[in-house]
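You will see two complexes here that share chain A, one where it goes with chain B and one where it goes with chain C.
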Partner chain A sequence: MSIVRRIAANDIVQMRRSRVALVSLLILLALSIVAALTSIAHRDASDELRARFQAQADVEFEGQPARHPHRMVHYGHFVFRPLPPLAAFDPGVDSFTGNTIFLEGHRQNSANFGDVRQSSLLARFGQLTPAFVLQVLAPLVLVFIGFGAIAREREQGTLRVLAAHGVSARAMLGGKAAALGVVAAIMLAPAALAMAWLVAAGGAPILPALALLAAYAAYLALWVLAVVTVSSLFSNARSSLVALLGLWTLTTILLPRIAPDIALAANPLPTRLETDIAIQRDVRATGDSHNPDDPYYADFRAGVLEQYGVDDVADLPVNYSGLQAMVSEELTSSMFDRYAERQFAQQRQQGNTALAFGLLSPAIAMRDLSMAAAGTDLEGHRRFLTQAEAYRFGIVQQLNQLQAEALTYADDRSRNTDPEAAQRVRIDPSHWHDVPEFSYRSATTAEKLTAAAPGLLLVLAWLLAMVAAFRIAARRLGRAL
Partner chain B sequence: MAIWLHELKLFLRQRMALPLLLLTLAVASSAVVAGVAEVSRQHDVIERIQPQQAEDEAAVAAFVTVSGDPGSAAYYTFHATWDEPSPLAFAALGQRDVAPYVLRVRALSLESQIHEGENYNAETALPGRFDWAFVLIYLAPLFLIALLHDLRSGEREAGRMAMIQSMVRSERSLWLRRVAWRVGLTYLALSTPFAIGAAIMAAPASEVLAMLGLAALYVLFWAVLALLVARLKFGSVTNAASLAATWLVLTLVLPGLALLAINAAIPVRQGVELTLAQRELVHAGWDRPKEETMQDFFQVHPEWRDTPPVGLGFHYKWYYAFQHMGDVGVAEQTTAYRAGLEARDGWTRRIGYLLPAVGVQVGLHRLAETDLAAQMAYQDRIRAFHDRLRTFYYPYVFNDVTFTMDDFARAPRWGQTTTGDPS
Partner chain C sequence: MNEQAGPGPVIEIRDLEVSRGGSRVLDRLSLSVAAGETYALLGGNGSGKSTTLATLLGLLRPDGGHINVAGADPAAEPEAARRQIAYLPENVALYEQLSAYENIAYFMALAGAEPDAMRMDEALDAAGLQPEARERRVGSYSKGMRQKVAIAMAVLRDVPVLLLDEPTSGLDPRATADFNQLVTRLKQRGTGILMVTHDLLGAADCADRIGFLAQGRIVEEIVPSAGMDVLALHHRYTEAAAA
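Take a look at the complex of A and B:
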């Protein structure tokens, strides 16, 4: 093995003398450091801002004066999605998805104020994050440094000299790959440091962080092997460079844009407007609260009357209006869930279609697994939406129940004509304290790793394929010498 | 002429020339096809929502007209708005995938409605769309680099340089012919699919020419850059590597750094702040004495001052008054938010003067009306439409006029202009 090490050491000495290699590596390192520092600062600032807004919304909710509970249903609540610690490494879709939702009765609002809608088109050039540097820029720098690995030796005739000294083709390729691997390891270093910092000081979970690091190492390794393999196929350095640039462009720039377009065209999502209309239509079809003779609500009333053994809603021991509000909220909320599930399923299908292109492009697989392990993938946002909807339903029903139990039916009916009843329906604000605060449950380590698994498998498959290609190239080179 | 054709033949005989040109043509064509398909899908969506919206309005009308309560009509009726893609949107899809181009509003306070988002797949939006602008900005320079990096160094390395120099009358015009074919054919491969797409979408000629002009400038920029690097007399390999590195810095690294700088320098948290503040204002309305709210409202809308006073209980005129006062109360923050977004856009344009990729990106998307400015223009039209909605319902609500089926038909429609109204 020492011959491999000697070749690698010799190569590294040459790289240190080569200005192109040195400059491009230094630029990449500088970018990595800038990306890591700004990403960490941005994640901390965003998370803190969201926490502050959340605290403000909580204080405001609890500080509301005595009110009719239904007023509080419409006053509603704001919830904010916290940013996971690893978002400092890969913010994923965070800037595309809104991070706050206004929750109120009978309606499901969208998550708003995503950064991309608030940014100019610059945001579509890609954000400079540690993940972006490693996924997109690092392979290109490996290409710049390594394209001549074998091709140049061949061009200059040194390949035959080496062979004449009894160096095997496999040792030659191995040495070249080892040298380029050292470069890749240097590229990975700032990311590894950032990751260590996030785990030590930022509370990032250790297993997903290690998985991320290992995956990026595999990703860079497969590029190292690809660069050396391609370099061995060409008789001159120029052709090798052009081929590698083409390969990089195809897999890292072109396919990642084409894949989602195909996924979207194959399975277009309905607009929010259409979904709103469809939900309203389905709600009306099941039970129309505006129709006094609606069978759904008539059945419900009959059931309540029978349960309490009275003939008229006015004789119930509870406020019927509150009960009706509850059953109506249950109906609309079940529709929200049904349509959300449908939309999520469709989005997952789109995601799977796009990920299938990971078979053609390791960058696609890498991006997918990186977001999933960092907890910043779309699934994380869906988790937030689902939890926010469950929370919305919970607090609305809690307030509706207050309306049913803390108010009398007679007061509730006459609150617009009788000033005393209007006072009595405004219940004590201490009730608002009883409403729980929203606490977001982020993905567990197991959930993150499961979500990252398909991408991880693809990257490993790529690595194996590159190892195989590398061995074939070595045999081929051996025969040619 | 013959000498030009001779150069063309020489060029096309090169191993990389024809495949690269065909690749450029294929990629540009598929981008145009994808863009046209996406734009017609957006047109279809706008078409498709009309009957659904009409059905929804009819269902609201059916139960509201039982009582004829105008307040309920305004409360329950959502009005559709939409933003048709421009004829050139196919070439630069821009922000239309992350911002809604169809949105419903009602006569309630607007600030709680206008920031609503669309149900889009953020993961597929993340890498950006595959459109003609992308092909031009990212891929065209790489194709040009592939064709131009060895123009002179290739001849030198093949040992033909001395022969060429001795044979041709003017070396300068020889290189000019060679560069002209390479750049011209690349430009042709890029612009022909675009021109066909523009013809299909019936885009106005002046804007098509402007886009073609921008594309020509951008292609020329990269061609000149390649020639300048060639003057340094490096080998082909160093030429290719340094040009590709320049491409990387100009199209990926510097725009990324610029975005970091702009977003850090101009925070736009006013968006969240104003929605939080607006909710407080609106809901405080329930607890304030009704007369106070009405007096505030009459300051803005004195024409309703002499209508019958609000009684003891709930009345919609008071409800719509405090809804509107909620918007009025955050007007300053709305302006600040908007100013923040415009400042971000403005700085991007300024950076566009320095970075060609950003400049062309800004220019193409302005022409295609798919940028942040277009998104804000749509919001302005929604604001104007919302004003029309409010003022349509006010006479019914403030004068207690029964709302009939005919009145539903009279409600303002999006796209239908009344005098002095931009929507």
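Take a look at the complex of A and C:
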């Protein structure tokens, strides 16, 4: 057996006999297991509930009686975002962004404009998930188990005895890191089992799952190296513990809390109310789409009359009101898209600013990559909003087209005064079945991995930096022995 | 008996100069210890005793001079030198959570030896550690018991050089006598022993030569004899320390 393995094996025996190490590891394992089980159960229940509500909303939409198509535009429809399987590992921003949107004509509902980036890790303390346990609690337990790795040996005098037995500083540090690495692997085990379950039974994509697991392994490895390196710098275990707790607090609690606030201050988003008011102001400027005589649409009206070679909208072979509704929807929808894009761009900028703090805190980098690989990051939410908006626009235009083609302009104009016309504008409910169901397309594996790449690069950079620090510490310890 | 034991010196120090914190601690120190010889280095606080041991262990780099430990230069190849040395610090450092057996097995394994239970028992018998204590965690041991574990390790390592740092400090007279017997037994096996101590009587009892260290160099070296005048010896020691 090599010297490094012997030192590691001896450390593990001592950890098993140390109540502090054993109890803290057992607590972490219990938390990991509870987090994995509750997260899987929560995700399954939540996904089942959303699927049920979506089916119910579809049935209710299709079960509407004969109506005027534009009444159906205003009746609206609900869509629900299905949770990605890896949300059981890291639910990401799902709890903050919402997952339901009410779709209706002339409006893009405001889930798009929620203040979703104004939360941070601290706000997520209530959520016990495998990701939280590994990102925040596992490094703390590694600190508690490993703070004395070298410092206590120095304090007790065994470091000098090891040196006197011909053990090199590199072997000492290597053995300590290997022992703490075994502890980290044990910490990772429940998460790995949960991940395997999610892949085997939950339909989670294997590559992002493996990437997540590898990234968490790298994250814990860099903490292992950090703990042993810092421990080698101090002459007593207490000083090492204080320094490591300070490092953990700064990088895992404070910076992840402060970074979003700084990102927000650097790239302020308008509040939801400000956005709603601005949109309503712009919408009002586009006239009344329900009034065929609204002057805002005079040019459009003239163009339609010219296209069909008639002088009056009543002579058109199609219902002008439906045509105007279609063009109005195009106008308002492109306006909503502009607002949404502007807001998305600002949110991305905020995200980039916050991620830049990953240079100071590996927890920030790990959080970002974890959500991205799990498909629960803000980009996943934007994907849902974009698809929901495309779907909304599609069904509204489908109904507006029905209005233009299945109804006459005369009936449409007199439906409020002529009961027979009112009856005729109510078209057969079988048309509602023609409206397609919403089908959310989640990010592909390549898209998830691409989104996770910046965080992954930061975590790898941290790991390399810790390897370099570890080697320097070994040389320093070698000179000091 | 260890392989390196022979007629020549197992420790040879010539004109050794070592500084710590900017001041010269060892100043052209020269001494040698032969295989099967016990050399006691006596000196007051700050005379350079512990610095001598640390330099022999390769824990301090000398400014000048020459050292040889059973064929290895601790300054150039500290790990090779340490493989030839068994070292007993003043306060024996062991792993509190491990038993005597486990501590011995661990340190022996690090030194490249894997003694079986019988050999460990033989060594612990020789060191005088009670059998019923051997499976207990050493966290509950007295200083004397810890020293016995360390001596057992030295016996098992079978190396040519044993360095002892204040070995009888804090031991009661019975434990001191037991310890001196053990040292004698190791010496008979051919081990060259260098002990640094304040204990004049202990040194006179078990050392073959005594060197008085003052201001980083040997100021006087004597060979203790059976009829030696202990008071005169004490006087010379005090004079050397004050020099």
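As a working rule, the second predicted complex is superposed on the first by the 447 of 481 C-alpha atoms of A that agree within 3 Å, B and C clash if a C-alpha of one lies under 4 Å from a C-alpha of the other, contacts with A are read in each partner's own complex, and residues count from 1 in each chain.
By definition in this document, contacts are C-beta pairs under 8 Å (C-beta built on N, C-alpha and C of every residue); 3 or more make two chains touch, one makes a residue touch a chain.
Just so it is clear, the model here is predicted, and its values are computed rather than measured.
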{"item": "Chain B versus chain C as contact partner of A:H165, first or second or both or neither", "value": "second"}
{"item": "Touched partner set for A:G157, first chain B, second chain C, both or neither", "value": "second"}
{"item": "Contacts of A:T417 with chain B and chain C, given as first, second, both or neither", "value": "first"}
{"item": "Which of chain B and chain C A:N10 touches, first, second, both or neither", "value": "second"}
{"item": "First, second, both or neither for A:R238, with chain B first and chain C second", "value": "first"}
{"item": "Chain C versus chain B, contacts on chain A by residue", "value": "B"}
{"item": "Partner chain(s) touched by A:V20 [first = chain B, second = chain C, both, neither]", "value": "first"}
{"item": "Contacts of A:G181 with chain B and chain C, given as first, second, both or neither", "value": "neither"}
{"item": "Touched partner set for A:L378, first chain B, second chain C, both or neither", "value": "first"}
{"item": "Of all residues in chain B, those that touch chain A in their complex", "value": "16, 27, 34, 37-38, 41, 45, 48-49, 52-53, 55-56, 59, 63, 78, 80, 94-95, 98-100, 102-104, 112, 115-130, 134, 138-139, 142, 146, 150, 236-238, 240-242, 244-245, 248-249, 251-253, 255-260, 262-264, 268-269, 271-272, 275-276, 279-280, 283, 286-287, 312-314, 340-341, 344-345, 347-348, 351, 357-358, 361-362, 365, 371-372, 375"}
{"item": "Sites on chain C touched by chain A in the complex", "value": "57-59, 78-80, 82-83, 85, 87, 89, 91-98, 102, 106-107, 109-112, 137"}
{"item": "Sites on chain A touched by chain B in the complex", "value": "20, 24, 27, 31, 34, 38, 42, 49, 53, 56-57, 60, 64-65, 67, 71, 74-76, 78, 92-93, 96-98, 100, 102, 109-128, 132, 136-137, 140, 144, 147-148, 237-238, 241-242, 245-246, 249, 253-254, 256-258, 260-261, 263-265, 268-278, 280-281, 284, 288, 290-291, 343, 347, 350-351, 354, 367-368, 371, 377-378, 381, 415-417, 419, 422"}
{"item": "Residues of chain A that touch chain C when the two form their complex", "value": "1, 3, 6-7, 10, 13-14, 17-18, 156-158, 160-168, 481"}
